[in-house]
Amino acid sequence: MMDLIIDIALNALYVLLAVAYGLLLLGIARKINARVHNRVGPPVYQNFIDVGKLLAKKTNIRHNWIFDLAPLFGLAGALLTLLYIPMGGYRLLSGDGDLILLLYIMVIPSLGMALGSGASANPNAGVGVMRALTLMLAYEMPFLLTLLSLMIFYNTTSLSVLLCKQQGFRWAIFVLPLSALAADMALQGMMMKKPFDIPIAPHEIGSGPMVEFGGKYLGMLMLFGAAFAVVETSLFVDLFLGGGVILNPSQYGIIAYMVNYFVWMLLVLVVWVIAVFINAVFPRFRIEQAFKFYWKWPTVIAALGLAQAYVMSVILGVVP
Amino acid sequence: MIHPVLLIAIPLFLAFLTPIVGIGSKKYARYMAPLAAGLNTLVSIFVLFETFNGPVFDILSGFSPPLGIVLMVGPLGALIALLISFTSFVVSLNCLKYPKEPVVKYTMLYILLMMGATGMVITGDLFNLFVFMEITSIASYGLASFNRDKRGYLGAIKYVVVGSIGSTFVLVGIGLIYAQLRTLNMLDISARLSQMNSFTAIVAFVSLFVGLSVEAEIFPLNTWVPDAYRGAPSQISAVFASVAAKAGIFAIARIIFTIFGYSNYLWFVVILGMLTVIIGEFSAYVERDLKKMLAYSSIAQMGMIVLGFGIGTVLALQGAFFQMLSHAIAKAVLFMAAGYFVYRTGTTKMESIRGLGRNPLIGIPLTISVLSIMGLPLFLGFYGKFYIVLAGIDAGYYAIIALILLASVVEVAYYARFLKIVFDKSAEPKEVTPGDYVPMMILAVVLVIFGVYPYPILDVLSHVASFLAGGV
Amino acid sequence: MDLQTLFGIFIVLPVLGAFLSYSLGKRASIVATAFSAVPLIFTYLRMGDWSQYTFTALGINMSFELNPLNWFFILMTSLTSFSALLFSISSVKERQNGFASLMLFAVAGANGVLLARDFLSLFVFWEIMSWSIFLLVMRASGESARIYMIFGAISAYFILFGIGIVYHYTGSFLYSAVGGVPAYAWKYLLPIFIVGFGVKMAMMPLHIWAPHAYSSEQSFVAYLSGGLSKLGAYGIFLTFYSFATVGVLAGFGTFRTVTIPGYALALVGAFTAFIGTMLAIFQDDLRKLLAYSSIAQLGYVLVGFGLGTPLAVGGALFHAFNHALFKAVLFLGSAAVIYRTGEYRISELGGIAYRMPFTFMAVLISIFALAGIPITSGFISKWMIYEAAISLKFVIVTPLMLIASVGAFLYSFRILYGVFLGQLHRRHEHIKELPPHMLAAMYILIVPMMVFAVAPGLIFDWINSILVYYGMNGLTYTTFSYQSSVGGANMLVFFVAFMAAFMVAMGLFMMKKARTVDQYDNYLGGEVRTDVELHAAHNFYKPLREVWEPLLKYSTERFYTRVARFFAGGFEEIKKVYTGNPQDYAAYAAMAFIVFFLIGWWLL
Amino acid sequence: MNAEDWKKIQRMMSKRSLWMVHFCTGCGAVEMPPVMTSRYDMERFGMGPMATPRQADILLITGYLAVKTLKRVVRVYEQMQDPKYVIAFGSCTMNGGMYWDSYNTVKRVDKYIPVDLYIAGCMPRPEAIMDAFLKLMKMIEEGKADGWKRYKEHYEEYRRNQMRVFRRWDE
């Protein structure tokens, strides 16, 4: 019983920290963006203030009950997703659900948001969701291929098993560099960073799906965004960078967890910063350009990565 | 004991009674056809029951066979006789609704046609076969042109040309046999076939086969069919398809199995059946005239029967007989429906019959018979197609059966198109009278009853094996 | 339970019901619903009562059986037929008696196909089902019915040919005699049976009847897509694992433990899933969209059957079950929308959810199942098939399936947004929610989806008994969790975590109140237009369509049309044999005599 | 922590995170780019442009308003969520400026919507704009920026004034 309570408390703590770290990452992104633009930029804690302000707004506009599903599903789904991602070597619930489950859980918040924004009856929202879904179809092609290459090479779909097999710096990025490259390209679209911020293009379609959300609705969606910044980068870290596990917890105990967590944070930051730098210097694609791009180069690279994984695993019989 | 000769005597008597009745009242003369056909139906039911104990031989004019004229009815012959008289009866009910002037001649020819066809089935004597065939043909020629329009005459003249060639061949065949064997009794010929010069036997066989093929609508002797069916009154087309053609095909079956027993020739019959099916179905698919389409379809169905006979196993023959029954009944319904459509629209173009079947009184029997022709279960048509295909594969005719099935898909396509047009929602249905739908309903009910419960027919068809072995 | 009961409940009763409801005229569906409820209840109660009966009819040995497999399929077809008929009480307005009785004929046919243990009854009931579908489709459109029937005939004749071959080798129609077919004959038999059964489940490239047939009366299509298309899956399962058996399949060679026919089937299934999905995305007709989705979803089932590991086959069976439920609900939802608005073009609808919230909820949950969102059981079946493919390390099948499931999000959002969300048109402002019995028809199907999502172990018990019955290994599972060789998931943990996360979100959400505004109070650059409709549903995926345009020009349907036209041209030539000239005919007769004679001379 | 403290925190957060929707109808909008970019960089204060009024706190009216435009402004204002602030920009918004005798130009914006802050000048320099923003922040902190409350209290009057210039509300 005690174990269970501790377990729940730890999970909650990790999720809370992750959301906080996500808000911080968003702040860092704004700061970097400003520095690239030769500006001072907001303080890195700016997003905490933004969320607080939004949640404290006096009036909140809703359209109907389906509109409410957006923040509810958005935040709930985001928290749920965080629970299934190992952070810093801590498995959370990832032992009870594998990558395929994670992939589908990752859809829940977006789906809720799509529902809510659709219910707002704003045509911009519809167009935005259409772009988001089209973009999803685009980047999922290389992303799924890279996932498959990992799953075939490591012969598992479980993230925690994947982490175990990458221990001791046997990171997948060294073994399957092509897949890692394709996954990073897909990550840019998954995080809707430029040049793939087509769905939320504020200058074209009034920030797309979010057009009608304000106050607590937008605040909760910002929390979802923060959580997802962690989810997506962390997914890459867990898949290709060994999840930041450098010390074996069974050997070093609590210290290992702390060290691993910091390494994980660092790696997440690195992945995030790369995406942010790309974001800072690129203009925006049109959606069909994005689609063509993703189904061309990243897919080819991912397919080569998959071929490599296939050859190594099936033909050469390499067991990692 | 009921004598099979009644099957010929009653209609003959009533046919010649018709003008006399016609002098008194033309109205009553019309009822002679249903009367004759109805009586024949009753008689043939009794005959059918009698034949269960063995073939019935009815000796005419006092001489015992092989010298005298003899009627020879097996269970299968009785079944076909029943089929002929029953469908004639139902169609003649429909004729009452659409009388053709002059009524007396029309009725007389109708009865004679039925009588001739029945005679072809039950005779045990080759020359009688010829005589009855001639009666059937001549009555048919007359009826085919009864619309007294250009199409009717054109159809009839084609029928006459091909039909008389056929008759000649039959006569030649009979002559050759008689010249060698001095007998015309079928069983006698069969027993003494080895005494015949084999070359002459082949010539005689082929002559008979070709001659009877005209009535049986086997390719390439079926050329008259589309035009004659198109030109004749629809009820008459129904009778052609369900009565005359059945008599012809049964005669061929008897020539092949009862008289000559040429099992070597059968694969050629299979080829002929296949060609008939394919050409019939394919032509029907592109035909835009309703009655011609039904005529081509009729050709194809006859081809299936020929195929069944050609495969020549018990299963195939059972299939062929099932096919004869189902085709006769279903095609009669369809031609009667066509008669209704023609009556309502004045044309036989496919496009003009839109929505006419939406009245359920017409639509239901129509649908049932189309489904039966497509060979779907719960309807009589299922057994025919199923048995023939199964027997064909069992006998190793893989490619031919595949082609037949392809042709069946084509058949489904054009019958579905027919239903689509008939049930088109864009047009309103027209009124129907009992004279239209009662005969169709009767036949549709028969299709369903024997489709669900085919055991009575199967009982009769259990005699197929002995027929195959040269019996009657 | 004896043969009479089995036959009576599953076949005679629906047929009697068909005649009875035909004679009733209006409100025939009420009686038909009652008649379809009996087999459903009976099926549920008779679980585990496996038995087999042999009898002779038409002089042929025939056999019926209730076993785990056909019990499972009867359960899903009965469920869908019951709810479709319940729904049709109000939704079918004209000639309801014809509808109800044909539905019951289809039910009898489907039950017969499932119970049959011999080819003759299989074929008979298959055809009964086929013509009842034909006539039901005919009610809406003759052309659709014609296309359906042509493919139905192709299917039936392939099966018939296969039956003929089996009969040729064994002289019997019993399934148990199939073992007598020599291995080399399976070279022909396998494709024949796969095509025959594959048509019914709209396997590519034999799918083109589906969008046409699925455009007819939607409450019937709920049964057609939900229930009857599963018979194709059933047939393919039988072909692979009952008739041919793994030993025979392996005789064709294996590709990494998967037999070559199985691998080919999996490829076909994966392409079906992929292409079906891609086509569904661009449909504006709600019914056609669902039709293509149906095609695609059954592709997964094919993949599962093809891969042939217990996990894959179990997943395919589970997916068939899920598809029966959620696709029936979706088609009923479509029927509901058409019933209330008379409109089926997505671009002309919108905002229906605000007026029909319960319908929307039902459709939403089924779309979760369709898209494989884990809160419904749709996820688990997909998961099983994926895991099977991944653990076999298949690099063509798996990505196709995965990307197809991403595409499923696209078209399912099309339904959600285009029909149910967005702007409510003024002409639809007065529509009402469905009456309770129609909602009940949908929610009956929702309940199992939710239950099996939390406790998949319940359905795994059934699936396991099927797998064991057909001599495969069982699955690894507990009531709430399941495992493959490469991964696993625990649905109870998932649900608890989801609930917890939802509670947190709910708590945050409830802190502030919100004010509801009108749908026209929308930010459009300061404009508030109430006179124009701004529902952005027309040509929704236009950019994607532009990208795909070069590929979309290839259409299977157009190919078939061309083939048909080519054949029709050939037929015209053949028809020219009938010149209409009596002189030609006389010449034919003469030539015929010569040819017949020469052949006779040669032969005899 | 009592309600007053809570309010204070809320104001602190509102002050440091002002998102604005600019209604760039007039020439004054040309002064916004320098304010946003590296020279003055208003994002230092957590300010940023937003695409829709639902998300925004400040409505920035950057120049004269025609009657037709005013209607849109009112709608946008009403779509914003409390607390919300209005900054009117340039002399045209105060007295009509160079359009003082135009028949269809609004002369005083605060007759129609509650303006919290005017920025004088034709046009105001970026320094003035930055100054205005800082002033607004101060006002928010002190609770003086209460235009949104005034609009609620005197809604009838504002609406009367608006309807005086609009013939119809829905065109």
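Side notes on the structure shown:
Per-chain numbering from 1; labels A, B, C and D assigned in written order.
Please note the rule applied: a residue touches a chain if its C-beta (ideal position, glycine included) is under 8 Å from a C-beta of that chain, and two chains touch if they have at least 3 such contacts.
All values reported here derive from a predicted model rather than from experimental measurement.
Set side by side, A-D and A-C show the greater C-beta contact count at A-C. Nearest to the common centre of all protein CA atoms is the CA centroid of chain C. Mean C-alpha positions place subunit A and subunit B at a centre distance of 77 Å. If you average the CA atoms of subunit A and of subunit C, the two centres end up 36 Å from each other. We define each chain's centre as the mean of its Cα atoms; on that basis subunit B and subunit D are separated by 95 Å.
Counting partners per residue, subunit B has no residue that reaches two or more other chains.
Listed for subunit C are residues 521, 523, 525, each touching two or more other chains. In subunit A, 57, 59-61, 206, 211-212, 215 are the positions where the chain touches two or more neighbouring chains simultaneously.
Interfaces, counted as pairs of touching chains, are A-C, A-D, B-C, C-D. On the side of subunit D, the complex with subunit A involves touching residues 9-10, 13-14, 16-17, 19, 37-38, 41, 43-46, 49-57, 79-83. On the side of subunit C, the complex with subunit B involves touching residues 58-59, 123-125, 127-128, 130-131, 134-135, 138, 142-143, 145-146, 149-150, 152-154, 157, 160-161, 163-165, 167-168, 567-568, 570-572, 574-575, 577-580, 582, 584-586, 588-593, 596-597, 599-601, 603-604.
Those residues of subunit D that touch subunit C in the complex are listed here as 23, 52-54, 71-73, 75-76, 79, 170. Residue ranges on subunit A touching subunit C, taken from their complex, read 55, 57, 59-66, 68, 71-80, 83, 93, 96-101, 104-105, 107-108, 111, 114-115, 118-124, 126-127, 129-131, 133-134, 136-137, 140-141, 144-145, 148, 151-152, 155-158, 161, 206, 211-212, 215-217, 220, 223, 286-288, 291-292, 306-307, 310, 313-314.
Per the touch definition, subunit B reaches subunit C in the complex via residues 157-158, 161-162, 165-166, 169, 198-199, 201-203, 205-207, 209-210, 213-214, 220-221, 223-224, 226-227, 262, 264-265, 268, 278-279, 282-283, 285-287, 367, 371, 374, 376-378, 382, 386, 389-390, 392-394, 396, 401-402, 405, 408-410, 412-413, 416-417, 419-421, 423-424, 454, 458.
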